[in-house]
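Each remark here refers to the structure printed beneath this line.
For clarity, chains are labelled A, B, C, D and E in written order, and residue numbers in each chain start from 1.
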Amino acid sequence: MDLGVLAQYIMNGLMLGMMYALVAVGFTLFFGVLDIIKFSHGDVVTVGAFAALATFVSLRSAGIVSSPLLLLVMVTVALVAMAALGMLIARYLVLPLRTAPALNTLLITLMLGTVLRESVRLFYPQGANPKPFPALLPSSSINIGQFNLRLDNAIMLAAGVLVIVGLQFLLNRTKLGLAIRAVAQDEETARTMGINFTAIVLVTFAIGSALAAFAGIMNGLYYNEINFGMGLYLGVIGFAAAIIGGLGSIYGAILGGFLFAALQTIGAVALPFASAYKDVFAFTVIIMFMAWRPTGLIQEKISERV
Amino acid sequence: MAQAGQTSRASLLPGIAALVLATGYLIALLAVEKQPLIIGLLAFGIAAVLAANWFGWLDPVSRSFADREDRLGCFAILAAFVVAVFFREDHFVLLLFVTVLLYVVATLGLNIQFGYAGVLNFAGASFFGIGAYTSAVLNTYTAIPHLLVLLIGGLLAALIGSLLLLPVLRTRGHYAALVTIAFALLLKTFLEVNDVLGGPQGMQVKPMNLFGWSFNDNIHIGSVELSFYFSYFVVSMVLLVGAFILVRRLERSWIGLNLDALRLDETAASCFGLDIARWKITAFLIGNFLIGIAGALFGMVGSFVAPNNYTFADSLILVSILLLGGIGNPWGLVVATFIVVVVPEKLQTIQEYRFLLYSVLVIAVLLFRPEGLLPRPVRSYFPGWRP
Amino acid sequence: MTGRLDIDNVTTAYDKADVLDGVSLTIEPGRITCLLGSNGSGKTTLIRSILGLTPPRAGRIVFDGADITALPTHKVIAAGIACIPEGRKVFPKLSVEENLRLGAYQEPSEDVTQERMTEIYRLFPRLRERRMQLAGTMSGGEQAMVSIGRGLMRAPKLLLIDEPSLGLSPLFVKENFNIIRQIKERGITVFLVEQNVHQTLAIADYGFVLSKGKVVMQGTADELSKTKEVHEAYFG
Amino acid sequence: ANPALAKDKVKVGFIGPLTGGVSVNGLGGRNSADLAVKLRNADPKAKYEYELVVLDDECKPNVAVQVATKMAADKDIIGAATHYCSSTAIATVDVYHKFGLPVVVWGAVLPDITYRNKYAEVHRVNGTMINQNDANAELISKLGYKNVAVIHDTTDYGKGHNEYFTKALTKLGGKVVGAFGVTADQQDFTAELTQIKALNPEVIYFGGLTPIGVRIRAQMDKLGIKAVFDGTSGIVSDAYIQGLGPLAEGSLAFREGAPTEKLPGGKFFMEKYTAQKYDNPPEAYGAFSYAAMDLILDSIEKVGPDRKKIIADLADVKERDSIVGKITFDDHGQNTVAVITKYVIQDGKFVEWEDSEYASGKRKLPGQK
Amino acid sequence: MTALLQARGLTRKFGGVVALDRLDLDVVAGEILGLIGPNGSGKTTFFNVVTGIYGAHEGHISFDGADITKASSRAVYHAGISRTFQRSRLSLPLSIFDNIMIGNHKRLNQGLWFNLMRRGDFKREFEANYRAARALVEVFEPQLAERLFEPVAGLPMIDRRRIEICRALISQPKLLLLDEPSAGMTHDETKELMDDILQVREFNKGLTIIIVEHEMGVIERITDRCAVLNFGRKIAEGPYRQVAADRQVQEAYLGVA
């Protein structure tokens, strides 16, 4: 294979992996704090992207043209809006179900996902159509043989890495992170330690949802197109990635995200059968993988004590 | 509940009253067409249940069902027939009704897996699909009697499901969820990209034919004409009753106890001699078998199979039914299936807003009853049995 | 001296049945007050009510003059109360050190936290050895040490201790009571729930006996140890 | 008294995808059918008062069979305009046949829908994908392109297009250098496109619907692929241009029938549609939906609300004027539209190829000779 | 004197921690052995290794003449060893009866056909087991026997302990492992519980018991013999009085200076 083409595949895979990883990290966070699957996460990605787009459109019509400024405002608005949405979800849908069977949260967030998705479709102007997302990052590129390295992609990769590193730091090095992990394990005892349980849950959901908005914007900037269904698939894959990585481990989620992207890329280009089989291939590998490592790549350190 | 000194069984009356009311309500709901009426009826239903709960009228009903399940089960079958006969000419209502019955059978299978053994299965629709595709292929290319086809559909679902046994046995919780989710996505994509089974186009399924009686013809009894779906209704009902009894007996036996024990605490269970793998496999296979049979029959009812019918989203609907009904309670499944299948259908006239409304409705129900509509009661091995 | 807690006619229920039925008692500052009572008499429930984990249905709880009855738990803690909960309740997937840190969650100063931690490690050398071990993998008694250490991490005005010697070796039970005495000497008010009546009454200043959700007896430790009923019930 | 009150009520049906990924087309179709009914009801000469029953097939065969059964089993419904998605249309033909409900397909293009069986109940106003692809291959060859890479969705629609296009192109001496199937919910196509880039085709043919089309076209640009984007009827939709903005420039697309806006009836349709202030544009197949419904209404007016008579009446529709041109049903109920409109996107609009600056040579597609 | 349970050179490590360190231990049929030692000395680990929850890194265990070192938890149970857990492990949503029946696994007919189809026979088996469970519970707490079909979740700790012991006893094991059965109980309650256990032992002649306890009163009263662990090693063995007098034991465990 041409080296340039190979490099191109790797670059594609990295971008894809980064987006999966960002979504997966969100899942990990929610598992982490409440041990729940929040299936609406993918749709929050969508809503985040649409929030950013709406901001863009209104800024544009207000006559602002500077790309960096536009981008800054878009990111801020989308992140804040999704953080708020996340808190609302936590407050009114997740917390009330705390004592119910864990799977109920899954169902309720699943339904919420539908509500979000359908709302975008029905209430965003022309929401059922794919929307062009502005390319706001410098798009200069260099061609090395078949390889086309774009500056915007490099910037996005770097930003993604930065966000993940920041989150990792937050979780493992700060008091807030410690509180999040404590709340995840034992709500009552955490409260006995003086932790404001509700606040921690809300903050976690805010962070996770802001992360989703970030992923949504990145998706938009990368593909220059967003649509109301984009989060659905992203959500499922993010979930898969979080699990393959090993629950509760941020590194695991990242590894899982990149692994999944790699599997898809390999399935599409390196295998003898048609590229449409790439998902069949990826999911088959995942099933076999789960048989081999039933608790994911990065295994939880604890085995239950008897 | 066994109370000292109490020897008499709870009265049948509240149970029968509830059944009669439910039947009447169902007929009304299925019969009305006008949107305001439908919404009014739905609102009325919710209000009525809330009110009954408020006045404490639901307790005697559930006691009556707990104690007299055998008898009330017969009445429930009767009620189903009353509804079916009422709509004997109405193809669509009967189709809807048959869909409900078969979905109940499938969720009963899921219930064994998840409700009892704790094995998550997010690929319910896939196994349902395997059953349906079985009847599509066998009815088209072979002359195998159709009852046997149903059986083969179930067996095939169990067999293909057993490919997942190793990862399912080794994983737990969310990890196990991923295995079946991956399978659901895989199977759908596979059916879609592979042309052998019709690709995304799907396949036609020949209607059921029992002992020379083709199910696609309307039935004439004297001057009364019955929709051909009535035959499917009868067969589905037989299947459902069989599945229901199977699940009930399973629950009310040492095997049900084993499944509960391993779901709740695997370590403790294995310290008391339980073969975890054996019972998980048993539950997984029986569950898939039921789902497969239901799917095979559904394939014939719908007369058409396509990969799009059996997506991950459809599997989630099956799981939703389980959660909505109250995990582990077969009666809850019946109620929940009616809601999940019939309500969106009845909301057709609000067209593009119906998914939105439906989702909001489910969220409301869950917030109101986090444990599901009818939470599972403590096991009684024989209804009405007193020490 | 602060750390006074007045419990006035508190009634608490879980679902329907009342577990506490009009409990009134006072914890005097600077003393060790103990609460005795058989299994299920409602001792833990009382502690949960104080902490706001199971808010009382009726009655008032006043801490140092401030009404804390309806406060959320973290505010109760902020008022200067700490708790060593029943059944240890360590965070199983956090390391020993992280568990201790959580004890000082509301302590803003990192230096103070470090200082306290050093002191805890001095009290429990075993914990220093196992600093990085996940608390969930420790033996039953070791977890008790983590739990006690964690409760001490934030010097409170009032420390609630629920059955700390549960599952501890006799040697350690003794040490444990020594530690509680030392806590008191530092000026911390202690409210101690215990089954180990001998040793409890030996270090306590005052005590209450709870039965079926009601205070049935109270008095100084000496008075209580001489009371016939207590003697019969607990010393066999 | 008001004579309108005296009219008998007659129910007619519409089925299309109102939810899901292609719901824009479904909603456009519904609005158009609705328009046909509204206009008819406003016509004082009409004999009946019509009520439109709308059902959603979600573009899923299983749902389609259910709703088709519901509609066909309702004896009050006399005829219906049905289905945009081929997979749903082909799944339901047996239902209509069994229940004897006359339907006119308004958007699905799979040949099998009319040609697999000879059901008198099933008609179609739009053409099949075969004619479309012949015209497509012809244009490509005429422009001097030889090497074409194909991306198609793996639904029947995409696969059919792949098949018929490849056939037509090969006949004309062109070459398909690679064909890639993609799934309908796929978001990322960079792996496929990178492979295509290495194959260096002059044209990328795309057999699929707008949502994926937009994604693929946008991602082509990301990877610096300069080939011509050659779409099918599936992307003839305002949503395509909206979704891509300036990137849409120079995309090719094809649709059966004469261009609506050029027919006198078409202009009328557009005016009336706009006047109704629907939320959605009619989209490419709105006109067909309108025409289908109009055909049914005409029939009812003529022979009365009786399914059997309608079927008989529809059988001899010949050279009938409509907003999509003349309609003639062959013995399979298929409208034999020979005309195919070729489009190129120019300045954010679908412009007929012949009228475009690309045809006149003023602008050039990449690699256009 | 034949040993019912025999451990030789038993070693189990967790990372750097040696929880059991070349432990030799004999348990004689019919005796009550007290297993004591400081916190973290390996008592629970010993139970876990015997019952097959953890594997041994070195050494052997034999039970009733058969080697069970590598046996699974299941096999160990079927061989006749039952246990309770240091932290109660009942299945809370299930009824008292169900919880006890979980312990009776090996004596219940597990056949699919029997359970599903032969409901008459099943009912007879069920009723026999109901009587057995009731009789057993009555020994511990007659009031509980009336509430056999109530969920365990609503019961106070002490009753849960009792049920856990019933669950371990119902299958009439040869060896019973009790891990701190009296933790959290008052003096009275502990005494009552021990009396009940001794009473059950009257019915189930030859029941051998290993009991882990930190309550020395209990140990003194009911054990025939004690083994003391420290850092996974046995530091003393013998009747309680003798062990209690041991200097090493006093220093490491009892704290009597």
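Here, contacts are C-beta pairs under 8 Å (C-beta built on N, C-alpha and C of every residue); 3 or more make two chains touch, one makes a residue touch a chain.
This one's a predicted model, so the numbers in the text were calculated from it and none came from an experiment.
Participant: Can you tell me the least number of steps between chain D and chain E, where a step is a move to a chain it touches?
Facilitator: Minimum step count, chain D to chain E: 2.
Participant: Would you pick out the chains that touch chain A and also touch chain D?
Facilitator: Touching chain A as well as chain D, we find B.
Participant: Measuring between Cα centroids, which chain is at the maximum distance from chain E?
Facilitator: Most distant chain from chain E: D.
Participant: Quick check: more C-beta contact pairs at B-E or at A-B?
Facilitator: Answer to which pair has more contacts is A-B.
Participant: Would you mind checking which chain's C-alpha centre is most distant from the centre of chain B?
Facilitator: C
Participant: Quick check: how many Å separate the C-alpha centres of chain A and chain E?
Facilitator: That gives a centre separation of 48 Å.
Participant: So what's the Cα centroid distance for chain A and chain C, whole Å?
Facilitator: 43
Participant: In whole angstrom, what separates the CA-based centres of chain B and chain C?
Facilitator: The mean C-alpha positions of chain B and chain C differ by 51 Å.
Participant: I'd like the Å distance between the centres of chain C and chain D, where a centre is the mean of that chain's Cα atoms.
Facilitator: Inter-chain centre distance comes to 75 Å.
Participant: Quick check on chain B: which residues sit in contact with 2+ other chains?
Facilitator: Those would be 189, 192-193, 267, 352, 355.
Participant: Give the residues of chain E that touch two or more other chains, as numbers and ranges in rising order.
Facilitator: 44, 53, 85-86, 89, in rising order.
Participant: I need the residues of chain D touching at least two other chains; which ones are they?
Facilitator: Residues 19, 23, 27, 154, 181, 183 of chain D touch two or more partner chains.
Participant: Considering only the defined contacts, which chain C positions touch chain A in the complex?
Facilitator: 51, 53, 72-74, 77-78, 83, 85, 89-94, 98, 101-103, 105-106, 134, 136-137, 150, 154
Participant: Give the list of chain C residues in touch with chain E in this complex.
Facilitator: 38-40, 87, 126, 133, 137-142, 144-145, 163, 166-175, 195, 197, 233-236
Participant: Considering the complex alone, what residue numbers of chain B touch chain E?
Facilitator: Where chain B meets chain E, its residues are 1-2, 4, 246, 249-250, 253-255, 257-258, 260-261, 264-265, 267-275, 282, 378-382, 387.
Participant: Sort out for me which residues of chain A touch chain D in the complex.
Facilitator: 2, 5, 8-9, 12, 15-16, 118, 121, 126, 128-132, 141, 143, 146, 148, 150, 219, 222-225, 227, 229-230, 232-234, 264-265, 268-269, 274-276, 278-279
Participant: Which residues of chain E touch chain B in the complex?
Facilitator: Against chain B, chain E makes touches at 51, 53, 72-74, 76-78, 82-83, 85, 89, 91-95, 98, 101-103, 105-106, 108-110, 112, 115-116, 119, 122-123, 126, 130, 134, 146, 148-151, 167, 171.
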